[in-house]
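When the chains are written out, they are named A, B, C, D and E in that same order, and each has its own residue count from 1.
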Amino acid sequence: DQKMTILLDWFVNPDHAPILAAEYSGAFKRHGLDVTIIAPADPSLPPRQIAAGQADLALTYQPQLYLMADEGLPVVRVGTLINKPLNVLASIDGSGIKTMADFKGKKIGYSVAGLDDSVVDTMLEHAGVSPKDVTLVNVNFALVTALTSHQVDGVIGAYRNFEVNELKDMGKTPVVFIPEDYGVPADDELVLIANKKEAHDPKIAAFLEAMQEGAAYLQAHPDEMWAAFIKQHPDLNNKLNKTAWYQTLPYFAKDPFTLDQKRYTDYEQFMLDHKLIKTKPALADYAIELKAP
Amino acid sequence: MTPPAAATCPGIIIEGLTLRFGERTIFEGLNLEITGGQFVALLGTSGVGKSSLLKIVAGLSKPSAGTVRASDGRPLQGRIAYMGQTDLLYPWLTVQQNVMLGTRLRGEKPDVERAMHLLKRVGLAERAKALPMELSGGMKQRTAIARTLYENRPIVLMDEPFSALDTFTRARIQELAAELLVDRTALLITHDPFEACRLGHHLVALAGHPAVLGAPILVPGQPPRAPDDPHLLETQGHLMRVLTELETE
Amino acid sequence: MTRQTLGKIFRPIVTLVVLILVWWAITAFTSLPPYMLPSPVTVAQALVAQQQTLVWATATTFSEIILGLAAGTILGMALALAMVFSPILQRWLMPLLLLSQAIPVFALAPLLVLWFGFGMASKVVMAVLVIFFPVTASFFDGLRRVEIGWLDLARTMNASPWAMLRHVRLFAALPAFGSGLRVATAIAPIGAIIGEWVGSSAGLGYVMMNANARIQTDVMFAALTILSVMAIVLWVIVDRVLKRILYWAPDTIAAP
Amino acid sequence: MTRQTLGKIFRPIVTLVVLILVWWAITAFTSLPPYMLPSPVTVAQALVAQQQTLVWATATTFSEIILGLAAGTILGMALALAMVFSPILQRWLMPLLLLSQAIPVFALAPLLVLWFGFGMASKVVMAVLVIFFPVTASFFDGLRRVEIGWLDLARTMNASPWAMLRHVRLFAALPAFGSGLRVATAIAPIGAIIGEWVGSSAGLGYVMMNANARIQTDVMFAALTILSVMAIVLWVIVDRVLKRILYWAPDTIAAP
Amino acid sequence: MTPPAAATCPGIIIEGLTLRFGERTIFEGLNLEITGGQFVALLGTSGVGKSSLLKIVAGLSKPSAGTVRASDGRPLQGRIAYMGQTDLLYPWLTVQQNVMLGTRLRGEKPDVERAMHLLKRVGLAERAKALPMELSGGMKQRTAIARTLYENRPIVLMDEPFSALDTFTRARIQELAAELLVDRTALLITHDPFEACRLGHHLVALAGHPAVLGAPILVPGQPPRAPDDPHLLETQGHLMRVLTELETE
């Protein structure tokens, strides 16, 4: 079998189900792959490791692609795991937030893992609030606690399939603002990147194909896959993860190969408009569509 | 600098004092009564237990058995000035500060004048601002003597206080000590029979395994005796005989 | 100004210059990509370009470091003194202090933020948590390993426990305290950074985390450079002050 | 077994029990929500439920701690010795050591993973980076503040610099080294946890970060409890061993 | 334990030795020649600079000016056994290990038999396994003496080596030293004129501000002299006169 290493974006969680399902259902094996899955603690680490040739594939977020291209990292998107946005700006009942305009003079927490601050700025401007009137606080990975303990009035970076449920579980009523509704272009939440040198290696395509089979198997047998998941990760066996496991199913890309060119160029324009990147890279510089073998 | 009246200086009563370190008995059942206001010199071979005895009297270590108390029934603690066998100067304090250590530790107003007077008497007035590490061995010892005398306590315990001094300095400081300690109760350990005879009202020898105290030897006359005092030479001879006997036993 | 003082001022500068040269050589002559280790030139450019942000961030982090170091040192000393005064207290305090060192930030962060908010306070508290322990441990060790003769002497002089502590143990423990303070000073910057990790909207740690997430390695290293210089300067100052305070405990290094 | 040894064994246990009771009281009598601080009962349940994961994670972290502590102590000693031997080396090494303390994990992580991969090695290296410094600083301080008379005497005896170090400075510095080692031991667990930040997929730190990210506060505190017990036990062992080695440097704490 | 032949023990030549601490000149332009195989006693008031001089001869501190060299032209370093004014025992080593320190430091095979023999002679055979902190002041000093004699060096420098010993122990150990150091070159600081006269071939006095060396006084006869040796008493009288003159100058 051919050895491969994939770096997840973060700790193992239900967002990674298709990859895990490919493993559990033997799809990798059928494609002659022996896959090692590594979960890092810091989402900014995997792209660099791919660039340095330390792993074959890594999960990252679409907006990161532009930053990487801008900084000259030799990596390209080769596949998509989740082809819809999951990010929301969330608040809770009782914080006095009903509309975006209510954030004026309030605090919004975010995690520095991505570009969430720019997303919030866009949403606020779209709603007619000056970003200067809102304080952004890096709350790191304590989004929910920061919100429920009223240290902040809203948090960006909460996921529709996860933190929102979590808030409900805690007996709070989440108030949710979807970025796409406030002028932020839609993106692919999780994409796979590879080193440019390696992108056309047949094993990458083989991996994607196996992952596609895994996704299909997952859609058909979600219970079986859940059982396999908690057998491997008994520490993740709880209600919250179970809910997320099923709620995330509709978000997974049916075809990981497909590259929605317009979505990528739209987002590129958004990045450029917000001065998040200095130059306008060519699409082929950061995203390619592989042919299924 | 007025000494307390003789009557206020209590005597020391040692009863049945025993000291053991593990299996080894250093001394056993020591009895000694030091009359208030007397100067007693303690002699004995090296390692016999003199320093240990002094520490017990000073309340710094516990005997295995026996008691030490003041003749006036009040506690000894707080009325003793103690000078150990090593100088025990605090390296971060100057000579002068070391001398005034007692007042500093008790939060009292330091008596600079008295300290300087004492330093002058021990020949260190010029080095008052020096740190201990800049002193010679004998200078350190003189600082420690000044510190002990500065304390102005009714009971004074000194462990070989003049051992690092040359003949002349030693004689001068012996006189200083005798002058300042007149009418105090003092117990002084020394290896120098001449010194013992010069300064002591009584001499006591500690000897043997386990050690016992010999009968106190009375030195006639008042200390400090002149170096050519006939009593002195006579007692010194007597003392040497006693010590030699103890030694060869 | 004597030749010696000049040397003392120039030496750290020379050291810094050489370190930067070594750094430059590494980036120039190895195949380390710039997104792993950018060259000093790029970093210098970022330093200039981001001047405004960095000055402000530096001011924030600097105040956190100073506050954290001051509060951490005071707390560390207080705890050590408390433990010297009462062996019973020591028995109960020590496990708590050890706990405080074993608990990772992210476990503490929610509680800290709950109690101290996202302002300066929670960062200083975090920094203090990191800083105080070396001070406590070393100082406590120093306080309890004092020449017995000094204590004995003080006892015959009717020193109260307090005077004994203040005039004897405290001074005798100064060399050990110095060791602890040196360690504390060296880790104070990281203490502040960890504080900013807990939640922040300013400071060098914040800038670094942001830059890290955005793969702006040059900005991250610009902030890192400032932090490093701050760390070294702080340490040199503390070291010099300690050497002056410990005039009576001579350094024997010149003659090994 | 004498009464004293029994006491020595029971005392830490009693301490632990009391700490747990206090913890329980806090959760029971304050309004702290369970996702901030879960009750010991919930944590005990999680401990049982997650047994398998936790045992494995504990084994991983434990080996990291031991390896990190061992390597950190050795490196710390080696660096201190190197600096004692050569004042020039000291001038160049010290800034580097200070740098190593000032650089936050996330800045170092990419380089560490690049050089040491995702396995145990990079975690141990990270732990070593956290642990070595207190050892170096304290040991170095101890090595250079040796009674000059001892060195003088050894010099008249034709001791080689090496013998001087091995037979004089080394022993004279042991009390200071002990202080440093105590600090290092206390921070060794957090060192290992920070190591797990770097490309981790195992260990208590991983479990905790994971649980933290998922707000499984009970699991996080279960792991935290194990980590704390490990930290305290380790410290007690090191403390006892040090006291035995330092038989000649009496502790004066009983008589403050 | 065979001493090196007399011819192999070099003399010490001190020329123009000056020592200053900052502004203070301790001594200036000292000249002294110690013939190989001779035992010289150095006397002087406390703080005059004796220990400093000894340290310079031992190569432990640098003079402000002047030189010290061996009469045979070879370096002094490595041929000196030095005993400081304080015992300088290593607290982590037992008495026996302290005595054998030299061999340990040089990586040579320790001579346990020799160490035990010396300890027996200084009366510490039973305490060979004790730590320094369990010893009395005099016992520490005797350990340091044993350590110095164990070194078996052609040149021996001792700074008040017997100051903490009682008369009898002192006499015994003086004899031991004289016996083991016969034909060695030895420089001994002492405050005891009797001791100086008993052990020395020559006596030298250091005195004044800044200090200068007096002319060496020859003691007739071979050391160690019996306590009642007429030469001894005579020279002691002479010495006392010289010292008194220096003192009162």
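In this section, contacts are C-beta pairs under 8 Å (C-beta built on N, C-alpha and C of every residue); 3 or more make two chains touch, one makes a residue touch a chain.
Note that the structure is predicted; figures quoted are calculated from it, not measured.
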{"item": "Neighbouring chains shared between chain D and chain E, ordered by label", "value": "none"}
{"item": "Interchain contact steps from chain B to chain D (minimum; 1 if touching)", "value": "2"}
{"item": "Dominant interface by contact count, named by its two chains", "value": "C-D"}
{"item": "Residue-number overlap at the chain C/chain D interface, same or different (half cut)", "value": "same"}
{"item": "Centre-to-centre distance between chain B and chain A (centres being mean Cα positions), rounded to whole Å", "value": "84"}
{"item": "Where chain C and chain E are represented by their mean Cα positions, the distance between them in whole Å", "value": "50"}
{"item": "Computed distance of Cα centres, chain D from chain C, in Å", "value": "17"}
{"item": "Chain C residues counted as touching two or more neighbouring chains", "value": "36, 106, 110, 114, 164, 197, 209, 212, 249-250"}
{"item": "Junction residues of chain A - those touching two or more other chains", "value": "42, 44, 48, 52, 141-142, 145, 149"}
{"item": "Shared interface positions of chain E, touching two or more other chains", "value": "86"}
{"item": "Pairs of chains found to touch, sorted by chain label", "value": "A-C, A-D, B-C, B-E, C-D, D-E"}
{"item": "Residues on chain A engaged by chain D in the complex (per definition of touch)", "value": "10-13, 37-42, 44-45, 48-49, 52, 54, 141-142, 144-145, 148-149, 166, 170, 233-236, 238, 240-241"}
{"item": "Chain A residues touching chain C - in the complex, by the definition given at the top", "value": "42-44, 47-48, 51-52, 64, 67-68, 71-73, 107, 109, 112-115, 135-142, 145-146, 149, 151-152"}
{"item": "Residue numbers on chain C that touch chain A, as the complex places them", "value": "33-36, 106, 109-110, 113-114, 117-118, 196-201, 206, 209-210, 212-217"}
{"item": "Chain D residues touching chain E - in the complex, by the definition given at the top", "value": "147, 149-150, 152-160, 163-164, 167-168, 171, 174, 247-250"}
{"item": "Residues of chain E that touch chain B when the two form their complex", "value": "21, 43-47, 49-52, 85-86, 123, 134-139, 141-142, 159-160, 163-170, 191, 193, 240, 243-244, 247"}
